[in-house]
Amino acid sequence: MAYEFDFAATLEYGDLLLKGAGFTLTLTAVGSVFGITLGIACAICRAWEIRPFNWIATGYVELIRNTPFLVQLFFIFFGLPELGVRMSEWQAAVLAMVINLGAYSTEIVRAGVQATLKGQIEAGESLAFSRFQIFRHIVLRPSLQRVWPALSSQVIIVMLGSAVCSQIATEELTFAANFIQSRNFRAFETYAITTVIYFLMALGIRQVFNLFGRYVIVRRPLDGRARA
Amino acid sequence: MSLVSINEIHKHFGDLHVLKGITMDVREGDVVTIIGRSGSGKSTLLRTINGLEGIDDGAIHVDGTELVAGQKDLRALRLKVGMVFQQFNLFPHLKAGENVMLALKVVKGISKAEAREMAMAAMTKVGLAEKFDAYPDQLSGGQQQRVAIARALAMSPKVLLCDEVTSALDPELVNEVLNVVRQLADEGMTLIMVTHEMRFARDVSDKLVFMHEGRVHESGDPKHLFVNPGTPELSAFIQSVS
Amino acid sequence: MTEFTLFDMLRGLWSGLQWTLVLSLLAFVLGGIVGLIVLFARIADNRILQAVSKGYIELFQGTPLLMQLFMLFFGISLLGLDVSPWFAAALGLTLFTSAFLAEIWRGCVESIPRGQWEASESLAFNYGEQMRHVILPQALRIAIPPTVGFSVQVVKGTAVASIIGFTELTKTGTMIANATFDPFLVYGLVALGYFALCWPLSLFARRLEGAFHVSG
Amino acid sequence: DTLEDIKQEGVLKVAVPQDFPPFGSIGTDMKPQGYDIDMATLIANDLGVDVELIPVTSANRIPFLTTGKADLVISSLGKNPDRAKVIDFSEPYAPFFNGVFGPKASTVEGAEDLDGKMIAVTRGSIEDLELTKIAPDSATLKRFEDNNATISAFLSGQTDLIATGNVVAAAVAERTSSRDLEVKFLIKNSPCYVGVAKGDTALIAKVNDIIKAAREDGRLNDISQRWLNAPLPEQL
Amino acid sequence: MSLVSINEIHKHFGDLHVLKGITMDVREGDVVTIIGRSGSGKSTLLRTINGLEGIDDGAIHVDGTELVAGQKDLRALRLKVGMVFQQFNLFPHLKAGENVMLALKVVKGISKAEAREMAMAAMTKVGLAEKFDAYPDQLSGGQQQRVAIARALAMSPKVLLCDEVTSALDPELVNEVLNVVRQLADEGMTLIMVTHEMRFARDVSDKLVFMHEGRVHESGDPKHLFVNPGTPELSAFIQSVS
């Protein structure tokens, strides 16, 4: 019983896949911007023990990191309406991405902030910087630079994890794949193509992060000596 | 009246009694050198003067205002006191010139153009005008330390604290930094420095302070003390480092 | 239709939780072993090994685990080989886990100062001896917190094994929710189940992290 | 061929749903139960072999069949020409009335009234396929992964209406009070078929014989009574 | 015959020509000191002698066997050449004594009991027998460096390379390490060392090598050279560091 592959039957729906991939990327981009921002804010609270926000941040991080994304998503989409907060599947998906990435990037950025040498902070203090000025001008950029690869990996993980959003009918890439294979029953071909698209997006995100890291975070041409 | 006056200060780290009642006066234009064994409390003393370490007892006055134990807002004080560290502590993500400009802009709120000019003046003073746009990791240790001095100077402090500013340098780079410090001293800057460069201490400073086990064990005119140490501890110390 | 009591739900979820635990252990043990091999290839003094292991890591970190499992379970069967769900799950989870662990551990090995390599080299150690006696013992200490931290991701990641027929915790939850139309209670319990598995691991990772910070 | 293999091994492997009551869902013992499960047991009995139930989802039911990991798919499958290119279908074995349901206040009476409405539907289900054809462009179909999410979306107010099987809707209406639910219009009677791997002619002929026999001797009617609370309709 | 003979060696780092044809002979029992500015190639030269850096051209012989460029198995060579680093590089996960024992067991295959005895002898030689069971981070810098010396010594090398072994130490700890090195020199150990301690170089070494821009600029008897530097570069260098 030989199965006959028929990729054409899936490629017919190519525009759906591309649209889905576009949605996935949008979701990831929006999630990254707000998630990393949230992560930075929580990281300061935790690293510098700003009460009571450090406790709130700790609780938030633990709650999110130790429960599955899907459950968080369901809670936002199906649960919050009971409390009177109704949002579309897009808003729910974005919110879930943001709080998820926010929790992980809190931990990552915190590690970077804590790796800041004491001397850097003391130099700032002795120049009469305020705590916030020290963070903003002295700690932040080198910390981000240190953890940038880890952050980009986390964004890729979250991008791949966003597949789960298809369960609340967010029409991203996995939604498109499942939609197509429910029409043509070509699950294997559809998933194979989808996998390739995910992989390409992951490579692309890594590249974008590298470029962003080089020109926005480091802000200098990376010749050999600048590695340190 | 003295610019910095330190009165019977005490400092503990947990159980460790690091400063056991230090009293010291520094007048405007003085160059004071603090020497002593590792662990005798030299750095700790220096760091209390700009509030990097709080004190447990006693009082410190800088330029007339008291530094109160446990005080939160030390900004006014720190504007009067500059500090240079052993490890330079330049901001690695900023160019040399930007290192010098940053506090001018952020803390003093000076416009970018004006800050640039002031930074350039400070860089020129330490002989590094042409390295304005180099990143710290493109500079030698001696150059980095001179940038650190320029960064402190640009804020026009009343007194400059220097903690072993040449200890992390290769021997042939030591002099370029000491020359800058010497020049500052000649120009009348008030300096309090910890150093292991005995010859420099002898030649440049007005007053030598020998710390031993958290106390000022001996102090006075360096030219006199180096020849006639008053205690066996100072005598042993001078012998061990020269 | 049958009525589910809370006890029925808990009993069902408990059996799902056990599957999750088994799959996690499987992933972690096998992934750890393979991860170590990939790690050695990644830091080997051989360009080809480096490139192959780098590609391996990129590939399995860059594609969804769900799709990997699907391809392994159904894709290999299409080629005429019979693949049991156990084999596919073991293989898929191993590929996924090993790629991440190898990358985590590489960071740890590379954070060992160069001086350690040079000191042991000048004492006439060969590469294997350096690794065994000098580098790995030190890297291991640094590696424990992030490794334990990653185990939380493995536990949560096993949920996708339902695509090839494993009724682990998430799947059990979905099935019960479909039979009871009471998703909030059921998913709340599922979340609690994961939290019960993951929270101790997270706490443990944090404590280790703290312990190592103190000793430098 | 597959039929011979089944007889030889004495086991019939059937992919059944576990997320679609009353056709297939789990009981308190965590084992699947429902119309499709009874159907699978019936076919196995008539073949004189044991049955092995494989719980599947809409995403993996066809791959189980095409890779030979299941002999039959009995999973309330609807038939359409695209699908018929990939697998073969038996005679229908179960009725499936699906429709659009909504709160009493809603004035929808037919597909043309769906204008501007948001309807929850389970992706890949028969009602998804049918509604996609007949709903006006201005209607929004929200396609959820499984029945549970579809129902939850409607109940939590995320959609105006829900498209599903009438028995499902009845069960929901009975169990929940969070939102009232009544039939707005029926989409189509689109019966369910047993799926068989492409080209398994001997097996499909045998399955068709069994379905025919079961219909005639009333066993199919019993199953219908048991799970759908209604007799098997005439036209099946 | 000489124990170490270095013949016209060249070394590049990318475009940078770091060693530009170095020739040098070291006989058994010699104490050779290499001095020179930062970046002149001192460390690089030292590191080529035990193969930590490969050479691009020329030849190095140690105890009669040639060190071939690009060679993989340098074990035999490294058993003859010990090395002590500026940053100590003790293994932090092992106790001091275990640091010394490890190579004996692993590389030489000596039994644990015997290795322990040999390690204890080496630790006693550097005056740290009682610190055998301390971890490196429980020791002062000077003690750590002495353990590092013991670790190298325990392997009974024919020649010991020392790269600025006191540069990372506090000034008062320098002497305890120099004393150990002096004692080794007195006992007839062949030593090649890079140092900035000029007095030590003058007093202890048999031969001084002044490196400048990748070349041996001057070399000879230290007592003579310090008083009568033959080139303006050496003269300037001596002035800058003393």
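Just so it is clear, A, B, C, D and E label the chains in written order, and each chain counts residues from 1 on its own.
Assume a residue touches a chain if its C-beta (ideal position, glycine included) is under 8 Å from a C-beta of that chain, and two chains touch if they have at least 3 such contacts.
To keep track of the chains, here are their UniProt names: A, C = Amino acid ABC transporter permease; B, E = Amino acid ABC transporter ATP-binding protein.
None of the values given here were measured: they were computed from a predicted structure.
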Contact distance in steps, from chain B to chain C
2
Roughly how many whole angstrom separate the Cα centroids of chain B and chain D?
82
I'd like to verify one number: the distance from the centre of chain A to the centre of chain D, where each centre is the average of its C-alpha atoms, in whole angstrom.
37
At least two other chains touched by the same residue of chain D: list those residues.
59-60, 63, 66-68, 146, 152
Contacts with two or more other chains occur in chain A at residues 3, 74, 78-79, 82, 187-188
Contacts with 2+ other chains: residues of chain B
none
Touch graph of the chains shown: is it line, ring, star, complete or other?
other
Would you please name all pairs of chains that touch?
A-B, A-C, A-D, B-E, C-D, C-E
Partner chain D, residues of chain C touching it in the complex:
1-5, 8, 12, 15, 70, 74, 77-78, 162-165, 167, 172, 174-179, 181, 183
Listed in rising order, the residues of chain D that touch chain A in the complex are 2, 58-60, 62-63, 66-68, 82-83, 85-87, 120, 123-124, 128-129, 142-146, 149, 152-153, 156-158, 197-200
Could you please specify the touching residues of chain B with respect to chain A in the complex?
50-52, 74-75, 78-79, 81-83, 85, 87, 89-93, 102-103, 106-107, 135, 137-138, 148, 151-152, 155
What does chain D use to touch chain C in their complex?
18-22, 25-28, 30, 33, 54-57, 59-60, 63-64, 66-69, 146-148, 151-152, 171-172, 175-176
For a test of understanding, state which residues of chain A touch chain D in their complex under the given definition.
1, 3, 6, 9, 74, 77-79, 81-82, 86, 89, 166-169, 175, 178-179, 181-188
